[in-house]
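In order of appearance the chains are A, B, C, D, E, F, G and H, and numbering begins at 1 in each one.
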Amino acid sequence: MKTEMKTILEDVRDGRVSVDDALLKLKMQPFEDLGFAKVDLHRPVRQGQPEVIYGAGKTPEQMVKILETMMQKGQDRVLLTRLGEEAAEKIRVKVPLTYDPVSRIGYTGNLPTPDGIGKVVVATGGTSDIPVAEEAALTASFFGNETVRLYDVGVAGLHRLLSRMDVIMGASVIIVVAGMEGALASVVGGLADCPVIAVPTSVGYGASFGGLSALLSMLNSCASGVSVVNIDNGFGAGYLAGMINHMEAKK
Amino acid sequence: MKTEMKTILEDVRDGRVSVDDALLKLKMQPFEDLGFAKVDLHRPVRQGQPEVIYGAGKTPEQMVKILETMMQKGQDRVLLTRLGEEAAEKIRVKVPLTYDPVSRIGYTGNLPTPDGIGKVVVATGGTSDIPVAEEAALTASFFGNETVRLYDVGVAGLHRLLSRMDVIMGASVIIVVAGMEGALASVVGGLADCPVIAVPTSVGYGASFGGLSALLSMLNSCASGVSVVNIDNGFGAGYLAGMINHMEAKK
Amino acid sequence: MKTEMKTILEDVRDGRVSVDDALLKLKMQPFEDLGFAKVDLHRPVRQGQPEVIYGAGKTPEQMVKILETMMQKGQDRVLLTRLGEEAAEKIRVKVPLTYDPVSRIGYTGNLPTPDGIGKVVVATGGTSDIPVAEEAALTASFFGNETVRLYDVGVAGLHRLLSRMDVIMGASVIIVVAGMEGALASVVGGLADCPVIAVPTSVGYGASFGGLSALLSMLNSCASGVSVVNIDNGFGAGYLAGMINHMEAKK
Amino acid sequence: MKTEMKTILEDVRDGRVSVDDALLKLKMQPFEDLGFAKVDLHRPVRQGQPEVIYGAGKTPEQMVKILETMMQKGQDRVLLTRLGEEAAEKIRVKVPLTYDPVSRIGYTGNLPTPDGIGKVVVATGGTSDIPVAEEAALTASFFGNETVRLYDVGVAGLHRLLSRMDVIMGASVIIVVAGMEGALASVVGGLADCPVIAVPTSVGYGASFGGLSALLSMLNSCASGVSVVNIDNGFGAGYLAGMINHMEAKK
Amino acid sequence: MKTEMKTILEDVRDGRVSVDDALLKLKMQPFEDLGFAKVDLHRPVRQGQPEVIYGAGKTPEQMVKILETMMQKGQDRVLLTRLGEEAAEKIRVKVPLTYDPVSRIGYTGNLPTPDGIGKVVVATGGTSDIPVAEEAALTASFFGNETVRLYDVGVAGLHRLLSRMDVIMGASVIIVVAGMEGALASVVGGLADCPVIAVPTSVGYGASFGGLSALLSMLNSCASGVSVVNIDNGFGAGYLAGMINHMEAKK
Amino acid sequence: MKTEMKTILEDVRDGRVSVDDALLKLKMQPFEDLGFAKVDLHRPVRQGQPEVIYGAGKTPEQMVKILETMMQKGQDRVLLTRLGEEAAEKIRVKVPLTYDPVSRIGYTGNLPTPDGIGKVVVATGGTSDIPVAEEAALTASFFGNETVRLYDVGVAGLHRLLSRMDVIMGASVIIVVAGMEGALASVVGGLADCPVIAVPTSVGYGASFGGLSALLSMLNSCASGVSVVNIDNGFGAGYLAGMINHMEAKK
Amino acid sequence: MKTEMKTILEDVRDGRVSVDDALLKLKMQPFEDLGFAKVDLHRPVRQGQPEVIYGAGKTPEQMVKILETMMQKGQDRVLLTRLGEEAAEKIRVKVPLTYDPVSRIGYTGNLPTPDGIGKVVVATGGTSDIPVAEEAALTASFFGNETVRLYDVGVAGLHRLLSRMDVIMGASVIIVVAGMEGALASVVGGLADCPVIAVPTSVGYGASFGGLSALLSMLNSCASGVSVVNIDNGFGAGYLAGMINHMEAKK
Amino acid sequence: MKTEMKTILEDVRDGRVSVDDALLKLKMQPFEDLGFAKVDLHRPVRQGQPEVIYGAGKTPEQMVKILETMMQKGQDRVLLTRLGEEAAEKIRVKVPLTYDPVSRIGYTGNLPTPDGIGKVVVATGGTSDIPVAEEAALTASFFGNETVRLYDVGVAGLHRLLSRMDVIMGASVIIVVAGMEGALASVVGGLADCPVIAVPTSVGYGASFGGLSALLSMLNSCASGVSVVNIDNGFGAGYLAGMINHMEAKK
């Protein structure tokens, strides 16, 4: 951003751009205003990265408009999260879209070849946590990460997890998806040598209070290297895991 | 009210009104008792202001009765909030009504020409906050304010907001409508020179707890000049904004 | 801010300022970096307004340094909130300061002559709410507002409030400070024609849960024109009241 | 109970009843065991009072069986609360029943002539609180109390309440039914000379949290003589009001 | 209040009082304004009842001033609640005061001879609940009720309660004071034939959350005739019990 | 587990098993990996015990696969909890299953002859608690315990419980299932000489907050020997009761 | 109790006891009324068991009186929990007492020789949980159980726990004491074959909310056979563990 | 761990180690049991990493013993967190220790030369957040990271943050430490290209509820790449940041 700003200032100094035009440019360039949404074209333009649309609370019509705007600007890889099956059908009529009903994710373009540091492991406490886990795993894949699924390894049957220590030890980042008491995050955090991203799920009943129990449990983890994202936020975990898994590019 | 009271007392002193009649007058004048509702005719009679019916929890039949009572007393501009589409249809059969399905607002009469100090700006964090924002904006319009909509300017893409600093700086009052973490209220509060009314929305999932997260965030805003109304209370924000925007009339 | 930005761009275009210097200017000008604090010199320089230091969590030494920096830049009127008596003593040795132990407010310079639209009324439910009310009232006075105190008018003895309807009706803005059930905000909101700023206080016991009861009550007020600030946030209410009371300046 | 116990002991002493039979009598007499329910026949037998069935969570079949058992034992006046319209229809096929869809109350037998000390006043903050208020009022009527309804007198329009001071001052017990901020309980509590039973309702939205706001507000009432029952518990309030209104019988 | 209002209006009509004086009278009469407090002289003047000062949050100096004002107006029986031992000492220097350190109650004048319908029974779950229970009992005594103490009858040792059924059955009103799980209110409510006022206490640890557990338990009581006051609000319970115990005066 | 481990190590030492095979054996043996679930075959193999499938969040197809896997490994007695009626129908097509719609439990095989120390008593506060109680009772039966049902013995009608003291005193373990205020756990805990397992239910309304009230009440029980499981967790209580009832086998 | 009741009835029948005396006997026998406490002499008289005094909220004087009353009735083994060091000193002047400052437990008499089924294992997550664990362990010892301590085996370093599988597998009952995320309960519950009593502790900071996090985590444990007692309730866990460990006596 | 296990198995196969010794080795090797603590010697032995002692809830004597055990095993770099000033003094008498009173961190050995991918930036919303920020920064330094402090850049004065975009853009990982509304995490998350670790602090008052407001706000962040650790958990953030900053080592 600093560089862009500097370029614009230099253009102004050298008379290539008028003051008002520069002002306008600073204002208008980074997004397209659709009224109901300001479509961010900033990240892709700058970084060539794919873009994300959070589907909840948006109508299919709004999503189609956002998608079309993005595609017109050359953005051909877009991820749609929290996308209902019906909405996906409606969008597919207008825009080519791959849709996965378990994770409720849709995307345009293809999944890329993985290119991160290592593997992103996605573990779940139980079978019911799979939809959130799939949101995380598919997001990670979409952003170029190799992913390994390790499902139904909850701490009440510890041998299931311990028998896969090789997967745990070989991970670059681990996403732990668990509801109820969320203890899996602490156990994995204690066993692993890599960052652990804990995703509490709303799976459970009674005093799980819609994921609150797992959330608090994960925040209070006595294992180091564990951080937490919002309840059921598989996308956030998958995105962050990918970011960490591509760290070496920063040096 | 003091003046009215004094007038009645003077009427009693001068024998124009008997004691019991005066007592009755003090009791009966300000509203019409429909049994299930006491229709307030106080404000309009005193101030010529339009009146408001909170629609939630009222049947279409009850609302029609209240509307008819008001219109008989000469109240021709009435706002109905939290009005479902079906209920609006049923009312429209009996009483002429303009209805907006996004904000779920209905009103009789016309929107007036704006006459406040300046502009009421309504900003949202995202697209999903628009229904609440429209409730605020339409309410403000109904009470005679010029309104400017600034939608989808959440803090995760700060350039969208910063590119519209002219709107922020030119506002008389700003209504910030945001769910999830509600951070927009603080950022706008720090940029603006005018009162900011923050409206937390129930938009979000997981640990947003139906708007609690945004509510707490806004109450704890470190920016000065920010106050908060109830979750999803677009009407309250629009009404208060109008009140502030018409302040000069007080002097 | 737009204007400042434009001026700098024009200076760059006309060769009066180099690109790097302009960049630096944009970065460095608005505040003084003390390491532990970035002293905001933005508002006063631009607007001639007094400045505020939030005292909680700062050592007397830190506050003295911030005050001295401000005074060196020509800022002679500063308000310090949440200032303990001992800390005030230590500061007074270095910087001339007026201190009020009830509101725990200190300030440099003098209280100005009131110049707003009308009166800022500060009402409390009980005697115990007075410290928070005084923080609000003194803040309002410090920012140039005429203030009227209306203390101990809680709704359990409604005649105390009703006997002062003249004060309520003559207000430009009303600050309602109440703990326990916080009902005063709704009652005043229903009686008054002006904006009401509700300040829940942590006064109470048992199920008042440190002000939560009053906070929720005020957020759910069925009276229009009421908004809420944080529990015990007398300063925020006083500042916002002053902002609203000076609205005409905007036109 | 002491007297019954003593009678049984005397019967045992005088040989009129064997030890085992006495033991059995103590065990079996007070209720009829239907397996899924132990029908209480204690109160009516002892006191000639009508009986109550809490309808929520019971099937129509279960309620019919309980009713039939009661009627066989000579209990001809029974109140059924939380009774859905469909369930009422099914019961009516088997047992004569009067049903009121607003309060969701059904009862067998007739409403008695009022015989308490004075009037039970039922006041509501708004129109949406009426179902809970009707549950209270009908319960009070069923237990022999004269009831007066005072609906839609919320504190945001205080004149509606103040104009009916005669009703307030003439009450024996007042039931205040209010959602949202629940301030009505404190205001009525301050005006009245009699016990006030506050019923928070789940009416409201956002930070009303299903009645929690009104509940806390009422518990923290600064007015003396106010006590609180569970959210939406109109029955509990009506029953207690009747108990208080019949106090003189105790002397 | 209606009667007073009518008298004043009649005085105005008959020329005995001028309009302005009447207005003033309506405003000024019911209380004495001390600035920090508006001393209520309304109830005693009208009803000859003793008056109450809530001591928490008031300085000894403030309480002395309020007491002196009350005594000058002929109010010789005043109850002070939540009064610390030190504050009581300071007050006693100026005003004759009886002080009880367990209930933290002070009062001027003497305890009256009981004159209610029957007995106010005060029961506690454990020994730790006694201070709150004493606040209730002493308040009830101060307002002219015969009180019976039934301490340490918690439900974990049910025989302690059942052995005192005579006290339970002979009560006019029962105040149940309990912390922890607060089950005593339901058990007593099921055994007694009279109104039960439940006072949750903050006694307990862990998941009692400062009395929340007992509060919720009491609000959800499945026994009829139970209502609840704020956590630790012994005064409120004692006052309300007295009100109910004096009901016959209403007829 | 130690023994198994030792056996494998001895096999390795004596050359009967290669290192890699041993490693594999340790990893793969205890469960069957179906991808979406890791079917635990550990307990039955080791202990000949029946196995449990938690049905919530699993599709009928997934449950059939798990069941088939278990049966292939010789596990013929399986309990399915939280099983909806429709899902049960679908499973029954593939696998013989007994289904109980009240407790929502299904199982393969037969209920065994009871062989524990004594009786497991299941008591409920009301009729609405029966589904959770049946889950507990059926689970206990499935694991070889004699069960006694004691329904609708809530504390508001204490005689219903006291008349069955023989059942209480003859119990080996008591499961108390109650919603609303949950007081039954404390009362039973005080009367009984055996471990009491308290199951809060989500039965209730208003301030019962989905079982929170009963949960807190039970956790704060002043009776010794009471412990608590999750809200509505009838299975957990039944399983634990069975474990305790079979304790003597440990010596 | 049934038997006692029957004996008394037989005495009455045979003329050995008069009706009134029998009534008195039923009432007075089981406890000694000290006014502030009703000392339970029921259990020991009936069962020869030691007795417990909950020390929190009782003065040393009150505890001495209770102790003396118990000892006069032949109760020589009494446990005092939540006993501060200072209070212990004061009691020791009057009554011989062994005091342990870590668990804050005092007791009269000697620790008995263990006689239960097997071992009660007390495990903690960390070093800070030791005081609560010692309360549990000492209580279990006092009631005749052999106890094994397994401290600082939190799940973040799983090998510490796994290396002591022999202790886990050899336990009769396991008490798991843990704060923060409380995951240890689930892990132990999954490894062990015996009942697990989970004790959440208030150890932790931030989002542990005084033990709430561990409490919810433990309630939501996905391991079977786990139940929970109140936060920091080491006594309750130790007592219940002893009850379970002595189960065989029931048959 | 797999490798170690394999090695031991190979040793057993080849007769170099007996079965029992192997079993013992697996059990005993990784930690030293001090009774009150099991000192983890696992990570350092395997990885040459420094070790951490969580100081809260441990006595100075316990910490000295743990430190001495570690040093005897060759562990010369140890970090002590949550270490009070007094405790630090007592430890320093026995073990050489550097202590920082602001972060309350102590450590043995020296801070290493930074060797991660890039810079760990630690930003705070205000001055009061500095202690937590310093805990994070010092922890990161101790684990070999270059750290940059960016204090007092809260969103209410956005220019303070925007003027340091170079620091934000040049970061490898950013730790955002903020109390009150915690909005800084979202704003930084939207501006940065790297992982953001959000640390809510307990700084604030009223509705900040000890950090809950900031915590919820951060969990609900609409910016991607943000995860959250426990309230005030500066250590956790610093440790995780270091882990991420050293990611390249994994490839």
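Here is the rule we use: contacts are C-beta pairs under 8 Å (C-beta built on N, C-alpha and C of every residue); 3 or more make two chains touch, one makes a residue touch a chain.
Note that the coordinates shown come from a computational prediction; the quantities given were computed from them, not determined experimentally.
Novice: Which chain's C-alpha centroid is most distant from that of subunit B?
Specialist: Between subunit B and the rest, the longest centre separation is with G.
Novice: Could you tell me the distance, in whole angstrom, between the mean C-alpha positions of subunit E and subunit H?
Specialist: 54
Novice: Nearest whole angstrom, what separates the Cα centre of subunit D from the Cα centre of subunit E?
Specialist: Taking the average C-alpha coordinate of subunit D and of subunit E, the gap between them is 25 Å.
Novice: Would you mind pulling out the distance in Å between where the CA atoms of subunit B average out and where those of subunit E do?
Specialist: Whole-Å distance between the two chain centres: 41.
Novice: Just how far, in Å, is the C-alpha centre of subunit H from the one of subunit C?
Specialist: 38
Novice: What positions in subunit H touch 2 or more of the other chains?
Specialist: 2, 126, 157, 191, 206-208, 212, 215, 219-221, 224, 230-231
Novice: Chain pairs in touch?
Specialist: Pairs of chains that touch one another: A-B, A-C, A-F, A-G, A-H, B-C, B-D, B-E, B-H, C-D, C-E, C-H, D-E, D-F, D-G, E-F, E-G, F-G, F-H, G-H.
Novice: For subunit D, which residues are in contact with subunit C within the complex?
Specialist: 125-126, 154-158, 180-183, 185-187, 189-191, 204, 206-209, 212-214, 216-224
Novice: Quick one: which bits of subunit F touch subunit D in the complex? Just the residue numbers, please.
Specialist: 126-128, 130, 151-153, 157, 159-160, 163-164, 203, 205-208
Novice: Spell out the part of subunit A that touches subunit H in their complex, as residue ranges.
Specialist: For this pair, the touching residues of subunit A are 1-2, 47, 52, 117-118, 165-166, 169, 172, 191, 193-195, 197, 215, 219-221, 224-231, 236-237, 239-240, 243-245, 247-248, 250-251.
Novice: Report the residues of subunit E in contact with subunit C in the complex, numbered from low to high.
Specialist: Against subunit C, the touching part of subunit E is residues 26-28, 30-31, 35-38, 40, 42, 54, 56-58, 62, 200, 202, 210-212, 215, 230-233.
Novice: Mind pulling up the subunit H residues that touch subunit F in the complex?
Specialist: 2, 5-6, 9-10, 12-13, 15, 18-19, 22-23
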